[in-house]
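Shared between the two complexes below is subunit A, which pairs with subunit B and subunit C, respectively.
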Partner chain A sequence: MFTKLLLNHYEAAAVILSGIGLANLLLQKNMIKKIIGLNIMDTAAYLFLAAKGWVAGREAPILLQDINGEWITRVDTYVNPVPAGLVLTGIVVSVSVTAVALSLTLKLYEKYGTLNIDEALLAMTEEQKIHEAISEHANEEIAI
Partner chain B sequence: MNLDFIAYNTPFISIFLMMAAAIITPIIPQEKRLPEKFSCLCIFINIILSGYLVYFLATAPENIGFNYPVGHFPAPWGNELRAGLLEAVLALIFCVAMFLSVTGNFYDTVNEISARRRQILSVLINLLTAALLALTYTNDIFTAYVFIEINTIAACAIVAVKETGGTIRAALRYMVMSLVGSGIILLSICLLYGLTGHLLMQYMRLKISELVKTGMYDLPLLVSVAFMTSGLAVKSALYPFCFWLPDAHGNSINVSSAILSGLVLKGHIFLIIKVFFRVFGLDVISALRMDIVIFILGCAAIIMGSVHALKQSNIKRLIAWSSVAQVGYIFLGLGLNSEIGIAAACLHIVVHSLIKPMLFTSAGGLSNMAGHNKNLHDLAGTFYLNKSAGTAFIVGACSMIGIPAFAGFASKFALTAASFESNLMIFAVAALGASSLLNALYYIPAVLVIFARGKNNNLEKIKLPLSFHVSIWIFIALNFLIGLAFIPLLNLITKGVSVFG
Partner chain C sequence: MNDEIKIIWLKFFNWVMGNGPRPENEIIPPELPPDLPFTRTPDKKHSRFHEITISERLIQWLSLHGLHVFANFYNILSIIVCLLIIALMLMTVADLPPFGDFHNPANNEVVERYIKAGARETGAENIVAGMILDYRAFDTFGESAVLFTGAITVLMILGTSVKKDKSELKRLHLKTHSGFEDRNFLAFAPSLHIYRDDDAILRGVASLSIPVIIIMGCVVIISGHLTPGGGFSGGAILSTALILCANAYGFIKVHEFFSERTFIVSSSSALSIYALAKGYSFLTGANHINSGIPIGTIGDIFSAGLILPLNICVGIVVAGTLYGFYALFSEGEI
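Coming up: the complex of A and B.
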């Protein structure tokens, strides 16, 4: 079993990293730390894809010439280009998601002065209580 | 199969049209609400196109559907869309529900948000429609992942489009849960790609059936299907993962709630159906025991969603919790793990994506009469001020309870009938019966409240524009159409499911 783990050490590292990322995303209170956790998790997936996509002894999938200037068209010269494409697409997606999450965090900080969602909830319920008290007071005055 | 030009290109054109519309919308001038009208127009064109595709596939002599290659590479390498009867019906319903929720709340967005934000809202609506259509038609699992993320971004932004503390907090919570979901989905896709070497669903399935025969890959397959299911379940708010939903759907403006509850959840659920049916195959799913897990969670969602809804005093949060229960019905149908169960689940997707936007739109119309108050006791007597909205709310409530002749009855009937062919029948019927009772327990008081002529000082009659009334009555008409004549629709869906795999 350990020989398999050693053979696939990149994949094992990817699994550990994604676990760390997921735990951070779920358990951290601070939004910035949550977003860092998200990025670790995504990076783990890219590491996994890159490790799976690489075959030792093969070249990047760009057409090569041999010594005589002939184009090498044998398939086993090159690695599969799809995993690299997936990683690139994944990076684009993860950047845009991170941007949206960060901008929402910024808005949260502007409103409540905190990066913690639970603290924001407390501040919000207090705000509501004050608001309700004011409106009840106004109603009483109308009744009088 | 003989294909004509329009029907063949509909899947691509409808996605491309909405993506292009999302790019063009920011440069349209803001006068006379042109951006919103433009996105309505694009969705309307999509309704016509999808309607034609449904007509074409339903009347075609052999309705096996077709694959549409995107780009120049042929099948095992390139990207593909697939359109069959099931996809076409769902795309049509999604477009109709989207169009009616936008037009029905057309008056409301003016009161709630500024012109600049309305423009952004129409961009987001276009993006959401594109993502939904892409999730419906795509045959490539990585394309599905990309559109899941587009869906996530647009859905979170649409929650926060009116910028208050509550909506931003809800959007952030929604975002975190969605990101957990999509991270797990990405891992599952990587695993599946590593196992099968394909991204197109039918080729993945061929490889997976070979892998299952060897018997050596049960654990990796189980891990990948469990990751995929739980990731998509987080996004579609299956019960234990649903606590973000009431905040997000209850705090946002009416048009966002209608779209989120009615449509955004459904795209992800349909992707689960696709993964179960087309990537793994029902026999592999049942060998890996995933169907049982889905069934139990579905039953729990049905009961717990209703129990939480009982506790709500805010009408939008009540409807939002009822969505959790309704998502449970769909998963219950999936958990039966038979073609007829999946057909019933798809019928419930159709029914729910028409009723939930109607309920949210009518609740918005009612609360408009009570000075934008959303508390149930503030809505007393609003029926008399806004009869269209009141009628729609009653129709929606009856439908959710499952009274015959209303649309909700159709899907409950189909689900019960499907459960008779399964050995889980007793649990399914018990859950369906209990939840009908619970639905009645929270919807009937809500209906009674809007009829109550009491001392309610903050009521004032506001005349709502024609667009609201027309959309609401179209919703009601569609509801009765499905409720009274659901057999042809169910036949259509069953035919679609039979060629889906």
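Coming up: the complex of A and C.
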């Protein structure tokens, strides 16, 4: 198994990177560090796709010319072009998700003055308790 | 009759004494019940002959150390879960076909078709560009729409809160341009990202490099079907030119040619042009009708049918979106 892992070392590195990103997502308290963990997982996916598309001894998928000026369209000249398109999709989605998550984090910081998710949750529960007390009192008033 | 007079009199009396009906929006703090220790019968567990049971000891201990123990337990458990996932995926990776081998199942007939017939069918020298903007163009349309939706969402979340008074900003801007230095203004100018007089180096470098960056971005977009690059990378380069301009000359200068309205109009019209052009081409191509879009000779700038206009559309959307992200995060508005 270990020799096979050495043979597939790019894929193995991608898998370990995604595990590190998941650990960041679970363990970090700071929201921005959590988002960085999500980005590490994205990067692991790109590395895996790029590694799957590579073929030994071939060129990048941009047409080459032979000596007579003819375009070479033999299959054994170029690497797999499909993962490049998939990685592009992944990058675009990751950029959008990161931007939306960061903007929500900014709003959280504006409201509670902290990036720590635990402190923000504590503040939120206290706020909710106050709201519940006020609404209960209002209900009693209506009943009276 | 008598009762009615009594009621009116009561109302008047209450009004004079201030006992009238309360306003609807008045919030009164909840009254706590009177806490008189001698009226309460003592609980069994508060009597001094009561022995603390094991469950009560547990509850006391949990209230003291529970959160700490839970945090430790959570950390250990999540590390175990991550290691387990890594181990499972490593076992899968060990069973995958070897890296870089020609006979991998990923290198199947789809790839063969793209490489063999891609240049003939799409006219693009860059096989990846031909793939993402011709064979799989709806996927790329979805990507551009995702970027645009992300920018609109950030605009909705951040745009309304930090809106500053534009006339005030313009007045301050004019003040600095007229050479009059207000100390109070200079004190909070860095937080507003307004044009400052003392950034001569940044402005000199920007005036030299912005045209070069714009030309570079246009070249990457326009030759997207010939060389590596295309709408996404070229749009990112163009957005760096906009961001540099905003940093060197102030957001107000950028507002003169790229405002929120420009962003919305250019991005949505580029997306609509993309959708219409590609929809037309898919309809005609799928029904074997002559679409009338020439493919041209491979290797020319004006070749590869629809790929060049589609690249330009994608470039406009990406440039606007990335600059919009920067402006929204630093300024609160595009």
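We adopt the following convention: the second predicted complex is superposed on the first by the 127 of 144 C-alpha atoms of A that agree within 3 Å, B and C clash if a C-alpha of one lies under 4 Å from a C-alpha of the other, contacts with A are read in each partner's own complex, and residues count from 1 in each chain.
FYI, a contact is a pair of C-beta atoms (placed from the backbone, for glycine too) under 8 Å apart; a residue touches a chain by one contact, two chains touch by 3 or more.
Here the structure is a predicted model, which means the values were calculated and not measured.
Applying the stated contact rule after C-alpha superposition, one finds that A:38 touches subunit B and leaves subunit C untouched.
By the touch criterion stated above, A:102 is placed in contact with subunit C alone, subunit B being left untouched.
When the two complexes are superposed, the chain touching more residues of subunit A, out of subunit B and subunit C, is C.
Of the two partner chains placed around the shared chain by superposition, subunit B is the only one that A:111 touches, whereas subunit C remains out of contact. In the superposed model, A:130 lies in contact with neither subunit B nor subunit C.
With both structures placed on the common chain, the touch criterion links A:56 to subunit C but leaves subunit B unconnected.
Of the two partner chains, both subunit B and subunit C are touched by A:93.
After overlaying the two complexes on the shared chain, residue contacts for A:22 are found with subunit B and with subunit C alike. In the superposition on chain A, A:122 makes contact with neither subunit B nor subunit C. Legend: residue contacts after superposition of the two complexes on their common chain; A:5 is shown touching subunit C, with no touch to subunit B.
In the superposition on the C-alpha atoms of chain A, the part of subunit A touched by subunit B in one complex and by subunit C in the other spans residues 18, 22, 26, 52, 82-83, 89, 93, 96-97, 100, 104, 107.
Put simply, subunit A touches subunit C in their complex at residues 1, 4-5, 7-12, 15-16, 18-20, 22-23, 26-27, 51-56, 60-63, 71, 73-78, 80-85, 88-89, 91-93, 95-97, 99-100, 102-104, 106-107, 110, 133-134, 136-137, 140-141. The part of subunit B that touches subunit A in the complex is made up of residues 142, 145-146, 149, 152-153, 156-157, 160, 163, 165-166, 168-169, 171-173, 175-176, 179-180, 182-184, 186-187, 190, 193-194, 199. Partner subunit B is touched in their complex by these residues of subunit A: 18, 21-22, 25-26, 31, 34, 38, 41-42, 44-45, 48-49, 52, 82-83, 86, 89-90, 93, 96-97, 100-101, 104-105, 107-108, 111-112, 117, 120-121, 123-124, 127.
Interface residues of subunit C facing subunit A in the complex, by the touch rule stated above, are 27-30, 75, 78-79, 81-83, 85-86, 89-96, 98-102, 104, 106-107, 110-112, 114-120, 125-128, 131-132, 136, 139-140, 143-144, 146-147, 149-151, 153-154, 157-158, 161, 227-228, 232, 298-299, 322, 325, 328-329.
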